[in-house]
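This report concerns only the one structure given below.
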Amino acid sequence: MNKFYHTLKTLFLLGWSIFVVFPFLWALSTSFKDANAITSGATYIPWVDFEPSTQGWTSLFTNGSQGINIVGPFIDSAAVTLIASLVSLILGTLAAYGLSRFEYRLGFVKNADITFFFISQRIMPPIVLAIPFFLMLKELGALDTIFGLVLVYVALLLPIAVWVMTDFFAGIPKELDEMAMTDGCSPIGAFFRVILPNSVPGLVVAGMFCLIFGWNDFFFAFTLTFTETQLLPVSIVSLNSSVTPWWSLSAFALISVAPLALVAIVVERYMSRGTMSGAIR
Amino acid sequence: MLQIDHLTTAKAKVSLDNVSFLFEAGNIYTILGRTGAGKTELLRALMGLNPLINGDIKLDKENITKRPIRDRNMSLVYQQFINYPHLSVLDNVAFPLRRQGKKKAQAQALASTMLTTVGLGDFLHRRPSQLSGGQQQRVALARAMVKQSRILMLDEPLANLDYKLREQLREEFPRLVADNQESVILYTTTEPREAMELGNTMIVMHDGEIIASGPPADLFAHPPTKDTASVISDPPISFISGFVRDQVLYFGEGQLAPSEGLQLPPDGPVTIALRPDAIEPGGAFTAKIGLSEFSGSQTIIHLDFDFGRAIMMVEGIETFKSGDNLSISIQAEQMMLFAPDGRNITLRDN
Amino acid sequence: MLSSKHFFLLPALLTLVAIILFPLLFTVRVSFSSWDVFQSGLDFIGGSNYVRVFADDRFWQSLQRLSLLSIISVSLQYTLGFALALAVWKQVRGGRLLRVLFLIPMMTTPVVMSVIWRTVFHESLGPVNDILSAFGVGPVPWLSSATGAFISVLIVEVWQWTPFMFLLLLAGLVSLPKEPYLAAAIDGAGTWRTFWQVTFPLMAPITIGALIIRLIEASKIMDTVYVLTSGGPGTATETSSYYIYIRGLRDFQIGYSAALSLVYLVIMIISLTIIAKLLLRTLVGKDE
Amino acid sequence: MAKIVLENLGHSYLSNPKGEHDFALKPVNLTWEDGKTYALLGPSGCGKTTMLNIISGLVPPSHGRLLFDDQDVTSVPTSARNIAQVFQFPVIYSTKTVRQNLAFPLECRGMTPSKIKQRVAEVATLLDLDYALDMPARKLSADQKQLISLGRGLVREDVSAILLDEPLTVIDPQMKFMLRRKLREINRQTGMTMILVTHDQSEAMSFADEIVVMKDGLVQQSGTPEELFSQPQNDFVGYFIGSPPMNMITLEPNLGSLSTEAINLTKPLPAAMPVGNNVSIYQMGIRPEHIVMVDKESDSIGKGTIIKIEHLGVDGVVTLKLPTGVIIKAKTRKHTEMTLGDTFGIRVCKKNALLYIDGTLSSSLN
């Protein structure tokens, strides 16, 4: 019985690992193919199945008709994601702390309703906001700029930061802030001097989630930017719809996905230590 | 010096109900009460952590009811060992001094002296998480005392410690606060022995109210009400219902005439309270032994009477078999009587 | 006191309101206009857009399709994610590596991966049909048949988001207390009983949270569909968001798409609230 | 039900222990009889929890054997050991009713429904839980939940012992007394062996037929409460058992005997120890309960002045300063009649003054 379970488990883990890795391996293999190798049907192993070519990779750093320069979109993507994540994290952390420690009341609206308001922004389908955002940014002259996208992404990421941090602060004993206040801190001082230094695990998890969801957004980048500012997901899709150079697509995809694999390592560490238990509930 | 008038907090599972008291500087007040009696709520209300719906707090005649927490000149030690996890032991204790505006070097010097006093001189640069529970609570105590605030509050500070550590800290506590003349110390506990051992004045709380206060020995000898008697007795006091008719006290099949040790009230129902020292082996009453257990050099015997249950304590370690019958006597001079409304109506000749 | 508590909340609240409120109110206003390619600007045509929504079969079909897709994919993600979390919960050889590996898909950009998946599912040049043919199956019309396209979208969704479930559930598992398990062992409960009587009840709050979050995110599915199938073949994989996108940004029927958006939003909020309540009642036994 | 034997049982969390210090539990031989109550007592980190985990099967010991009724169970898994355990925090199956909780261990063992019903009814009556049988278990108070945990052990007829891991920690102080009595009564009625882990000496003293006192992974003494109280084998047991702890008065070796200026009570110097041996410390241990305070004029072995009186209710603890500066404590019920500064004579029955050499009871000389 035990042996049976064990075998089943091993097979399951093995199968799932293959499933997870498969598209990456396929992309890696494809990125070294040329037009001949691709049109002759599915092949897998370079040198054995096909003659490898580096044109997929070189094209990413070449301008003009022969290539699609990836450097610009990469920098734009990174800038938008980092700035928006940072702003969301700061604002979200403050709000989450307020919601977990003070009582707010505005007519019938109480803390739980405000928290729900923040988190419910995730329910809003992007399409509901796309057209008004378009018009609003146009009014502000922020269409097709990093600033405009940051503004929109903050609205997208703030709920995530509030969600993770509210749960995290709920796990920090109230007595800690009270103690800081009895020791002579103002409520704001208590937050900065005592709570914040003890919130690193929560901040890391919230920050990681912001990065993931920011980096991976496509829709707003797609509707609100055109030529001046271009993010990675949008440029790959525009590549997709044209002549379909599979080798460039694959290399492009791998590069765009790589930075966040590092995030996975950080997230795993916090998850295994159990420090995420407070951050996620 | 610290005067509280009619403190009342919003109705909750545990809330304060019209609590008034005058605390004098240089005294240690132990606040005794069961879980949920309102002890913690009182301390938190004084600190400004729990909002009041009524009442005033005056410190040196000055009304501080609305003053922000940080300006109240009070400190509080929690039941859980709470320290700043991100700071070293030394910085933990220096923290309140730094907030008072002291220079870093001066704050650390004062903190280090205080830590030596509480016996942690060798642990200045550890993190609180690297200390044992008892040591963590010493850090919290040092942090509270180093400020030299007017009011020092300790909320069941020993409740989460091992038995022997508790005993040791209880023993040290008077020394730690020995040179305190200017401040009021409030110490809450659920254990009658601790309250009696540490306080010059004992305050008994029950259901969000102060129901008695006074020197511990007096309160123990003459509890004003049945609730007080019940809260301050450990091992538990036993209550038996009876009645008085024609100057004879009846309970179950027993009866008792007035004596020098105990006068009887006029006719009517009474509650008889028996502490372990009111029952002695050998005598006219018969009881069944429910269980016997040791406590130090004494044996505690749980007795089942036809009129109720009671506990007897016998010096020395002796084995009593459960189920056996035992003849005992009830000492009238140790017995207490309470009226149906809970008032103590014990009257003795002396 | 007053000022400091507002110091914490107001910046975020005002920012969000400022960013969200205008678009939302604007959408409400536009939904009562006939703004389209021919008539741009805000006129007022009453509720006729809404009347049109209720007669729009394509919209309701897309909503049905969306419900089916989200419920199936989230159930699969939950089951597989829980199974994976349980499998690597206790010490396994190479556990660290497996955990990182299992997390990676959720870190990747859905549209980018969809581009890759499109090549994977390619009927003549993709590896899936190539491998299947080795077993004598196929060729399967992955992206060109209605069922095939639906299943493809499902597979990609499961690949992408099972890690999210895995993450939440494993984080929950590692923080569980040990005593209940020892108690269950002492009571003589086997693996199966221990799971249903100890693990599952302890994980109920996390389960609810994870399911709701995933349902919310899944209901917005659009990127994957856009790249993988463009809603096709025909309307076989067209989800609500995608349909609204077509009406709004492709056909430029701004007024009508605004009405569609709002109807959709209200339906989403109501149904997610009901689902959350139901889950709470069945899994935690909360009465309120 | 079974006799439990710990045969040279020890445990080190290191794979290759170098010396004494590497052992969380230093090897020990103990025999626990069927049907009695035992307590494992000591400060935190003393190894009592390790010992309990070895008995429950959570930790496989690195050294020695564990026998239940002469059967080696050292490598038998928890589920096959026939033990029951109550934890510090109540463990219940939250989705089940009280009845289903109590029935669960029997269901796992495939017992017939009628038999289960009968056992559950019996145990519920024993625990006074009849009225709550159909309530969801999670709605009960902490002490009732602890009774359910206990009940899951009691329903089984094959249980060798019930392990209680500080089960009274989360119980309200006023309920502790009642629950402790209940545990004793159940032991009496069922004859089930119970093993309690605790740091509270008064809890151990009142609960157990026999107490194992531990410190730093080493069993200091094992015996009845009376033995531990009247014959503590070393100064730690003298300190740990009893409150306040045993008074330890240092003795000076001179002229063939041990004495102190403080108290006129001499002990013969052990023959093996030469006079002037500075290495050994000689101490006299006297329980505060054994110090009798008499009128200062009457016959006594010493005099002391009261420097502190602690009211503990019925009893009181009086701190006395002897002329030499030595401070001792005495427990009395007459504390209410005493005042600070009073001087009293001290009497101690000879058998209650114990000699300790380097912290160990010197039995031959007492």
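To keep things simple, chains are lettered A, B, C and D as they appear, and every chain counts its residues starting from 1.
Here is the rule we go by: a residue touches a chain if its C-beta (ideal position, glycine included) is under 8 Å from a C-beta of that chain, and two chains touch if they have at least 3 such contacts.
Computed from a prediction, not measured in an experiment: that's the story for all the values here.
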Between chain B and chain D, what is the gap in Å from one C-alpha centre to the other? 25
Averaging C-alpha coordinates per chain, one finds the centres of chain A and chain D separated by a number of Å equal to 57
Geometric centre distance via CA averages, chain C-chain A, whole Å: 15
Sequence positions of chain B contacting 2 or more other chains: 68
Counting only residues that touch at least two other chains, what does the list for chain C look like? 1
Residue numbers in chain A touching 2 or more other chains? 186
Quick check of your reading of the touch definition: is the inter-chain graph here a line, ring, star, complete or other? ring
Which chains are in touch, pair by pair? A-B, A-C, B-D, C-D
Flag every residue of chain D that touches chain C in the complex, lowest number first. 56, 58, 77-79, 83-85, 87-89, 91, 93-96, 104-105, 108-109, 136, 149, 152-153
Okay, in this complex, where on chain D does chain B touch? 43-45, 172-174, 177, 180-181, 184-185, 188, 199-203, 205-207, 225-226, 229-230, 239-240, 242-245, 287, 289-290, 310-314, 317, 331, 333, 336
Touching chain A in the complex, chain C uses residues 1, 4-9, 11-13, 15-16, 19-20, 22-24, 26-27, 30, 80, 83-84, 87-88, 92, 96, 98-113, 115-120, 124-127, 129-131, 159, 167-168, 170-172, 174-175, 191, 205-206, 209, 213, 216-217, 219-220, 222-223, 226-227, 240-241, 244-245, 248-249, 254, 257-258, 261-262, 264-265, 268-269, 272
Please output the residues of chain A touching chain B within their complex, sorted ascending. 173, 175-176, 178-186, 189, 194, 197-198
Of all residues in chain C, those that touch chain D in their complex: 177, 179-180, 182-183, 185-190, 193, 197-198, 201, 285
